[in-house]
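Chain naming follows the written order as A, B, C, D, E and F, and within any one chain the residues start at number 1.
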Amino acid sequence: MLRLAPPGFLRFSQSNSFDVIYGGGESNVAVSLANYGVPVDFVTRLPKNDIGECALMEMRKRGVGTDKIVFGGDRLGIYFLETGAVSRGSKVVYDRAHSAMAEIEKGMVDWKFVFEGVEWFHWTGITPAISQGAADACLEAVKAASDLGVTISTDLNYRAKLWKYCDDAKREEIMSELTSYCDIVLGNEEDAEKHFGIKPEGLDITTQGEHVKAEAFLSVCEQMMKRFPRAKKVITTLRGSLSASHNTWAGVLYDGKTMYKSPEYQITHIVDRVGGGDSFMGGLIYGLLNYPEHDQNALDFAVAASCLKHTIKGDENLATVFEVEKLMGGDASGRVAR
Amino acid sequence: MLRLAPPGFLRFSQSNSFDVIYGGGESNVAVSLANYGVPVDFVTRLPKNDIGECALMEMRKRGVGTDKIVFGGDRLGIYFLETGAVSRGSKVVYDRAHSAMAEIEKGMVDWKFVFEGVEWFHWTGITPAISQGAADACLEAVKAASDLGVTISTDLNYRAKLWKYCDDAKREEIMSELTSYCDIVLGNEEDAEKHFGIKPEGLDITTQGEHVKAEAFLSVCEQMMKRFPRAKKVITTLRGSLSASHNTWAGVLYDGKTMYKSPEYQITHIVDRVGGGDSFMGGLIYGLLNYPEHDQNALDFAVAASCLKHTIKGDENLATVFEVEKLMGGDASGRVAR
Amino acid sequence: MLRLAPPGFLRFSQSNSFDVIYGGGESNVAVSLANYGVPVDFVTRLPKNDIGECALMEMRKRGVGTDKIVFGGDRLGIYFLETGAVSRGSKVVYDRAHSAMAEIEKGMVDWKFVFEGVEWFHWTGITPAISQGAADACLEAVKAASDLGVTISTDLNYRAKLWKYCDDAKREEIMSELTSYCDIVLGNEEDAEKHFGIKPEGLDITTQGEHVKAEAFLSVCEQMMKRFPRAKKVITTLRGSLSASHNTWAGVLYDGKTMYKSPEYQITHIVDRVGGGDSFMGGLIYGLLNYPEHDQNALDFAVAASCLKHTIKGDENLATVFEVEKLMGGDASGRVAR
Amino acid sequence: MLRLAPPGFLRFSQSNSFDVIYGGGESNVAVSLANYGVPVDFVTRLPKNDIGECALMEMRKRGVGTDKIVFGGDRLGIYFLETGAVSRGSKVVYDRAHSAMAEIEKGMVDWKFVFEGVEWFHWTGITPAISQGAADACLEAVKAASDLGVTISTDLNYRAKLWKYCDDAKREEIMSELTSYCDIVLGNEEDAEKHFGIKPEGLDITTQGEHVKAEAFLSVCEQMMKRFPRAKKVITTLRGSLSASHNTWAGVLYDGKTMYKSPEYQITHIVDRVGGGDSFMGGLIYGLLNYPEHDQNALDFAVAASCLKHTIKGDENLATVFEVEKLMGGDASGRVAR
Amino acid sequence: MLRLAPPGFLRFSQSNSFDVIYGGGESNVAVSLANYGVPVDFVTRLPKNDIGECALMEMRKRGVGTDKIVFGGDRLGIYFLETGAVSRGSKVVYDRAHSAMAEIEKGMVDWKFVFEGVEWFHWTGITPAISQGAADACLEAVKAASDLGVTISTDLNYRAKLWKYCDDAKREEIMSELTSYCDIVLGNEEDAEKHFGIKPEGLDITTQGEHVKAEAFLSVCEQMMKRFPRAKKVITTLRGSLSASHNTWAGVLYDGKTMYKSPEYQITHIVDRVGGGDSFMGGLIYGLLNYPEHDQNALDFAVAASCLKHTIKGDENLATVFEVEKLMGGDASGRVAR
Amino acid sequence: MLRLAPPGFLRFSQSNSFDVIYGGGESNVAVSLANYGVPVDFVTRLPKNDIGECALMEMRKRGVGTDKIVFGGDRLGIYFLETGAVSRGSKVVYDRAHSAMAEIEKGMVDWKFVFEGVEWFHWTGITPAISQGAADACLEAVKAASDLGVTISTDLNYRAKLWKYCDDAKREEIMSELTSYCDIVLGNEEDAEKHFGIKPEGLDITTQGEHVKAEAFLSVCEQMMKRFPRAKKVITTLRGSLSASHNTWAGVLYDGKTMYKSPEYQITHIVDRVGGGDSFMGGLIYGLLNYPEHDQNALDFAVAASCLKHTIKGDENLATVFEVEKLMGGDASGRVAR
C-alpha cells in the first residue's frame, strides 16, 4: 500500500505535501525479517504502473524477494494518515477498495511455485477482509502451505471498516477456516473477541488508557487453543494507550502449558505507531526461528522489536538484530551510539 | 481531483514526498472565473471524508461557491503526475475509477436548484468519459440548462484512456448529443477528430514539434458548426510542442463568419502545463462576458490567460485580470513588478 | 496576522525558511466556530495586497464569512514565532505596528450592516491594545451590538507589550468601558489582575510550574461580576506550565451562583500552544449555544476543545465537534481512528 | 532587509512556507566586495531583536564588517517576493515603512568614526527614498565622506513606490545634491530619466523585450557629466527583458572621453534577477580598484559579475573573483568544474 | 559514492540541507542496464556501516545484483555537487580519498566467482585513477574477464584531479594496458588526448560553447583502433556546452570501417548533467546487445538514452526502454503521457 | 566538522536529504562564549575548499574570531547522525579520518601569535584522540599557553572509537601530560575512569537509566586533584539516561575543599543532545569568568546552559545569557516570551 501523510503533526487540510511511504501488513513483516537477515519473499498482486513499481522497489531495497509477486489490476491501495499527539489520535482514511490485491482471484498465484523450499508462511486478517477474491486466494494459499508442511502463522488483525463484502457470520466462518490451519496465532486485545467472540473472563480489556493485565489473557489463549487445535502457540500484544504520544507495550505467549509474559515498556514519545503489530510479528517469527525451545526469548525479542518500531517513522520496522537484542537485554537508556 | 506529484523534476521512484494539489477540469475553469471576479459555483460530487473536505476547502479558498456540491461515494479521484523536461514529457498515472464523481447517477443533483439565477453552464468531455452515470448526469444537466435558457459551453477534452465503459460508436453518440446543446464549443487539435471524426483538410495536425497553422482549422470549425447548428462559436487552442519545456501557444475562434486568430506566444520555460486548456476556457468565458461583440479581445484574453497558466504551478490558473490584460496588451517582458 | 516561524524547534538564526500561517485572536475564534458548523463572519481591516489576500483566503478556506471585512492600510500585522521545548519557552517577536488593523478608525466599519441578523459578537483585549483607533472602533462596535441586543463576549487577553499608546490608567478606563457591555467575560490567570487589579485571595496564582487551583478563582469571579454587572458568566482558563512541552489545562465558569470546574488535562507533548485561549473561547461559544442551561457541558467542551488545540500546529483549532465530544466524553487514549 | 519568498515559482497564495533571505541594496554591494576579498564595512540601523540579529549574522557570515552598525527602531524592513517565469514577471510587495532604517535621523551615526581609514563610500538611491530622516543621514554621510576625501559612488536606483514623503521636485533636489558629491555614478536605463529628466536622444529605451543599444546612452552620460561635474565616471547597465526567464545584460562606462562597451550576455535561464544591479556595482568597485587605468576591464568585470548573479538565488552575489574572471575571459560554457 | 548537493541552484554556503543521492560511474551504468531489463551485477567494495548500506540499498532498489560486492574499509567516497545555471558551471568538490574502493587491493575480489556465467564486463577510467590498489584490482579483473572470454568495455573518463598516486607516464602505461584488453572503448572529446595523446587532426575540439563536429573524430578513432587492436568499436560522445543550462549532445561510433553518426539533440533546459556519459555507456551496451549488427541503432539508443538522462535528477538514468525508443524514433515533443 | 543528519527521526536509509550543520567540540564551546558576548577565537585547521569555507562562515556568523585558523589538508571531518527516540539511541557514524585537523602537525600553528593577549585556552580530549600530529599540536599549544600564563581548561571527552593510532598505555601517557597543564578539568561519568583509571568508590556509575548520585563523585574529584596538582577545579556532568528522549542533567564542581552540587533538571523532551557537554563547558567558562568567587553560580550557569542546549537543534548552544539566567533563577516553566 501507499501511505500518504502530512508531515509532522499537520492535519490533512494544513499540508501541501504528503510524505510517501510504501508498506502494508504482510510486507512489513517481510521487511522485518529481511532486516534481521532471514531470506524472505513477499507475495502480493501489484498493478503494472509506476506506483506499483515504486512499492516493488521499496521491497527490493529492503532485501525482500519480489520474484513471486504477480501483476495485474488497476491500482495500489492507498491510505491517508494524519499523525496525532496526546489526546488527538492518529487518523486513517482508507482508499484501498478496487486495489490490485482486492481484485485478486483464486488461481492467479501459483502457490506450488511460491512454496517451493519455503519453511514458513505468514498471512494476516487484513487480506481476507478486503474482498471475497482475496479471502479465496488466502484460503488457497493456506491449504497449499498446509499440504506442503509449511509452518503457518497469522496475525488476526480485525479491521471493522474493511469487512464489507459479507456479514458477521460469514466473516467468522471465513476466519475460522483460515485460522484452523495455523500453527502460530497472534492477536491483539480485540481480535479474538471481534473475530471469534472469545473474551477474557472477569476483565474489561477495552478500558482505555489503563495498563492491561497479562493475566486476563490466559483464558483467551486457552479458548483459542481449544477452538484451533492445530495452534501451537497463541500470542497477544498488550497495548496500554495512555495517549497518542505515550503507550505501554508488552505481550504474552501461551504454548498450551506455560503463559510467558514479557516486560512492559513505556513508550513515552511515540514517533509512529502504525505497523506496531506487524513489527511484533516480524520479531516473533525471527525469535521462534532463532531461539528454538526458548519461547520467553522469542517473545521478548518480539516485544523489544516492536517497541523500537514505535520510534521509527513509517510502517516498516528498520531496527536491527543488534538493536533489538540490546533493548531486550535491558538497555533502554537510549545513549548515543558513537 | 487530488494531484500527487514528486517535487521538481523528480521521477516517482526518486521522491519520498508528493506535492498535493486539488483541482480538475471543470473546477479549474471555476477557479479562473472566481479569480477574475466572476461569481461562480462548482457542481460536483465529493466523498464525505477528509480528502474530499480538502478539495472543497481549496474551492472555497479560491472564492468558488460550493453550496451546490453533493456528497456521497467513497473516494476522491487521484492522478499522479511526474513533471517532465525537454525531451522527457510529463507523465500522468490516473487513479480516478470509482471516485465519488464516477459513481454519480441521474437524479443525484437537483439541477433546478443548481441553475436558479445562473447565466452560464460549462462542462467538459472528461465528465461523460468517466462512467455511464456521469454521462447521464451530464446530459441531465445540459438538458435542464437548455430548458432554462442558460448559455452552455463545453471543452471537448478527448482522453483515450478514460472512455472505458462503452465502445467508440456509443462514445460518439453520447458526445454528439451533449454537444448539440452547446453554444460555445472548445477543442484542441485532436478533439474534433477523435470525438467526431472531423479533420482539417490538407494538413496533418498531429505532426509533433511544429508550429501548427491556424488556417488549417477553418475547415474543422466549419464542419463543427454544420454538425452542431446551435454552436455560435467554435474555438481551438493551438499548441506547438517543441519540447516539454518549450511550447508555442495560440488559438482561433470562428463565429460562423470570421476566423479570429490570436498572436502566438513562445512559452520558453514552462513551469506547469497541466490545466492549460482549462485556463483557456476560463479566460474565454471571462472574455466573452466582458468584451461582448469583441470576439478578438475575448480570444486574446483566453490565450494570454492560458499562456500565464503555463508559468504557474498546479492545475489552477491564478493569474489576475490585471496580469492577463498586461500580457494581452503586448508586455511579455516579465519585468519585476515592484 | 501572518505568523512566520522557523520549522520544528529551530531558532530564528538557524533557519532559511519560515512556516507561514495566517491567524490572529478573533479570527481563530471564528475558525473554531466555522469548524463546528456555526455560521460566522469575521470583521477586520486588511491591506489591499497579496499578503492581505492570503489572510482572507485562509478565512474563506475555513468557511468563515469574509464579506464584512474592510480594506485599506499598508500592511498585515506580522509576528515571528520560535517554538520552544522543555525549559526553553517559545518566543514571539511582534511586528504588528502600523498594520491595517492598527490604523483602523471610527467610522470605517458600517456596524449596522455588520450586525444585521447577528446573534453574537466577540472581541478580544488585543484589539483595543494596538491603537487608539482600534480601541475606538471596538467601542463603536460594542455599543452598536449592545443597541441591537446582540450577545457580547470578550477574551480580556492582556498583552503588556502591545499597550503603547496610553498609560495604565487610561488602559483600565478603556477596558472597563468595553467590558461593561459584555455578557460573557473570559480571562486567564493574569488578565483580571493586570487589567482591573482584581486578584484571587490568599493565593499567588503566578507561581510557575504548579497546578493552579480552581478554588482560588471564585473570589476573582465574584469581584468581576460585581464590577461588571452585565456579565452573566465569568470564565477563567487555568494553565499549569510545567514546561514548554508539558502543561496542565483546565477552566472554571461562574454564573453568579455556581462555580463549575472542568477536569484537568495533562498535555504532555505540546505541539503548539499559541491560540490555546482562542480555541477555548471558540469552544465556549459553541458550548453555550449548543448546551443551553448546561454550563458544565459548555465549559467541558471549551476545555476539551482547547486541549486538542495544543496538539495542532498553527493558531487555529482544527478539531471537529466529533473529536471534542469524544475527548470530553473521557476518551483521551489517542488510539488510531481507522 | 528580510526577503520572504514562496519557494520555486509558487505564487504567494500557494505556499505555506517562505524562503528567508537577508539582503538589501547597499549590503549586497558590501557582500560582493567581501566575497572578492576587499575589506568592507556595512553601515545601517538595525532593530534590537532576533530578526535584526539574523540580518547582522548574515553580514558577518559573508565577511562584512558590522562594527559600525547602529541599533534602534522597531523592525527590519521586509519585502515579499514572488518569482516569475516567462511572461509572468516577479512580483514584489514592500513592507519596509517604519523600519529601523526608515526611522534613522541625522546624528545617529558617528560618520567620523565610520570613515576613519576608509577609501570608498557607496550609497544608493533607495536610502534617501525611504524617509526624510534617511535622506538627511545620507546627505550627512556624503558630506562627511567628501570632507575626508573618500571616493563616493552611487547607484541611482529609482523606485517609484518608495518616494512617498515628498513631491517630485523635492525628490530631484535631494537626489541632485547627493549625487553632486559623487565620483562614480551608476544608473540603469530609467534612473537618469526618472531622477533628473535626462533622456537618451532619438531612442525610446523603455521599449520592452528589445536589445537596448549602448550607443544611445552616450548622450545620457554626457548630460550627467555636465550636470554633476564631480563625477569621473558614469555607468549604465543595459538590460534587455525578453522575458522573466531570459534577459540580455550589458553595460557601458563613460569617463568623459571614451565610451566603453561591455559584451552583451544572454542570460537564458534566470535563477534570480533581484540584486542584479547591486552585483554590478560590487563588481564595478572591485574592478575600478583592481584594474586601475583599465576601465574596460573594470566594466567587463562588473558585467560578468552581475551576469553570474542572475544564476544565484538571493539578493547577494556569491560569485568569486575566479569565477567572474573566467566568464570575463570568455568562457561561458558552464562546464562542470571538477 | 554519496552525492551531497544543495537543493535547486543554491550554492554550498546558502543551504542547510543537502540532497542525498547514491551513485557513481560504474554503478550508474549498472542501473541503466537493470532499468532496461538486462540482468546485471555491480562489483565494488563498500564499508560496513550505515552509509555503505544505504548505497547498497539503492543498487538493490534499482534491481542491480549486489551479491558480488565485497565489504571492508572505512568510508564511502563522497562528492559535493553545486548545480550551476547558464554561465555558472556546476561545481564538484571531491572527498573520495581513503574510500573503501580506493583502498581495495589485488586479491580482495574473487574474480572467478564474479565472472561465472557473465557475458560482459564494464569498467571506467575512474577506477584506476583513484589508487594503485584500485588500478591493480582493475587489471586483475580485466585479465580474468579476458581469460574467460567475457566482452570488455571501458569508458576512459579522464579526471585530472584524481590521478594523484603516479606521474603522467605511469598513468598512460596503466591505462594503455587496461585498454588493450577492451572490445568496446568509449571516450569523450578529451579522453583520448589526455590519456593517450591522441588528437583529432585539424580541429581544436576543446573550443567551448561550439557545436563539435563529428567528422573530426574519425582520425581519433582510427588512431585508437591502431593502438588498441582488440577494440572492435570506438565510440565518442560529443557534447557542445553552450551554457550550463543548454548543451548539444550527439555521438559517433566507428567499427573500423564505418563512422556512424547520431542525430544531435538540443538539451535546452538541463536538469542534471552529471552521469551523462555513464547513461550513454548504459544505453550503448543495451544497444549493442539488443540491436546486433545494427550499430547505428545501438548508437542512436545510447545518444537518446543519455539525452533523457539530462532531464533526470541524480547520477542514474531512470529512463525506460519505451521512453528511449520513443525519443530515438524522433518524438522529442515532450507531450504529456496520460 | 560537518554534521549530516536525516531530518526528524528518520533513519539513514529513509531519507533523501541530510540536514547540514557545522560544529565540533571546541568550536561549540567557542560559539557558546561568543553568544554570551565573550570575545573568542577558534583555532583549527581547515581545508581550502567550499566545505571548509562553509564551516568558517558558520563560525563567523556566530561571532567567533577566525583569524587564527590555518588552512591546508584535503577534507573537513564529517559525522553522520541519526536522531533516536525513547529506547532507540541516536547513532553516529564517524568519517573524520584524514581530515585537515587530523593531519595537522607540530609547527603548523604559530602559538605565540595565537595566544597574544589571550587569557584562557580550552582544548578537549577529542583533539589528541584523532592523530599523533593532533596530539603533538595540542601539547605544543598547551605548553605555549602555560608559558604565557594563560588559564587552561580541558574537557576530557573520552571517545573509544577515535583513539586508533596508539595503545591504551600511550593514550594514558598523552592525556596525562596534557591534563597536567590544566587549571580546570571537566569530565563526564566515564572520562576519569577510561582515561586515568579513576573510579568512584562504592558505586557503579555506568548503570544506565538511573539517577546518578553526585556524592559518589567526590572520590573521583579528590583522586583527580591528587594526580593533577595544577588543577584548581574538577567538574563532572551527571547525565541520567532514562531514554533517548528523557534525560536528567546536573553537575558537580570540586575546588579541592568544597563539593558544589547543581540542581538536577528533568529534560523530558530532548530535541538534540549532541553538544551537551560542550555547552556545559561554554557555560562553565562564562560562569567562572563572570561569577568569580562564586563557584556555585558558575556551576549553576553551566548546568542551566547545557540544559537549554538539549532543546536546541545542532551542536551549538544558541541560548543567551538572559535565557540561561532565567532558567538558573528557577523559571523552567517554558512560558511563551511575548
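One rule holds for everything that comes next: a contact is a pair of C-beta atoms (placed from the backbone, for glycine too) under 8 Å apart; a residue touches a chain by one contact, two chains touch by 3 or more.
Predicted, not measured: the structure shown is a model, and the values here were computed from it.
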Intersection of the contact lists for chain A and chain B: C, D, E, F
Farthest chain (mean CA position) relative to chain C: E
Interface numbering overlap (same over half, different under half) for chain A and chain F: different
Which of C-E and A-C has more C-beta pairs touching across its chains: A-C
Whole-Å gap between the CA centroids of chain E and chain F: 45
Distance between chain centroids, defined by C-alpha means - chain A, chain D (Å): 62
Multi-partner residues of chain A (at least 2 other chains): 8, 13-16, 57, 61, 91, 269
Chain contact graph, described as a line, ring, star, complete graph or other shape: complete
Chain E residues within the chain B interface of the complex: 8, 61, 265, 267-271, 307-308, 310-314, 318-319, 323, 327, 331-338
Of chain B, residues touching chain F in the complex: 14-16
For the chain E and chain F complex, residues of the former touching the latter: 4, 7, 12-13, 15-21, 49-51, 53-54, 57, 74-75, 78, 80, 82, 91, 93, 95, 97-98
Residue ranges of chain E in contact with chain D within the complex: 8-11, 13-14, 84-92, 94, 159-161, 208-209, 241-246, 269, 273-274
List of chain D residues in touch with chain F within their complex: 57-58, 60-63
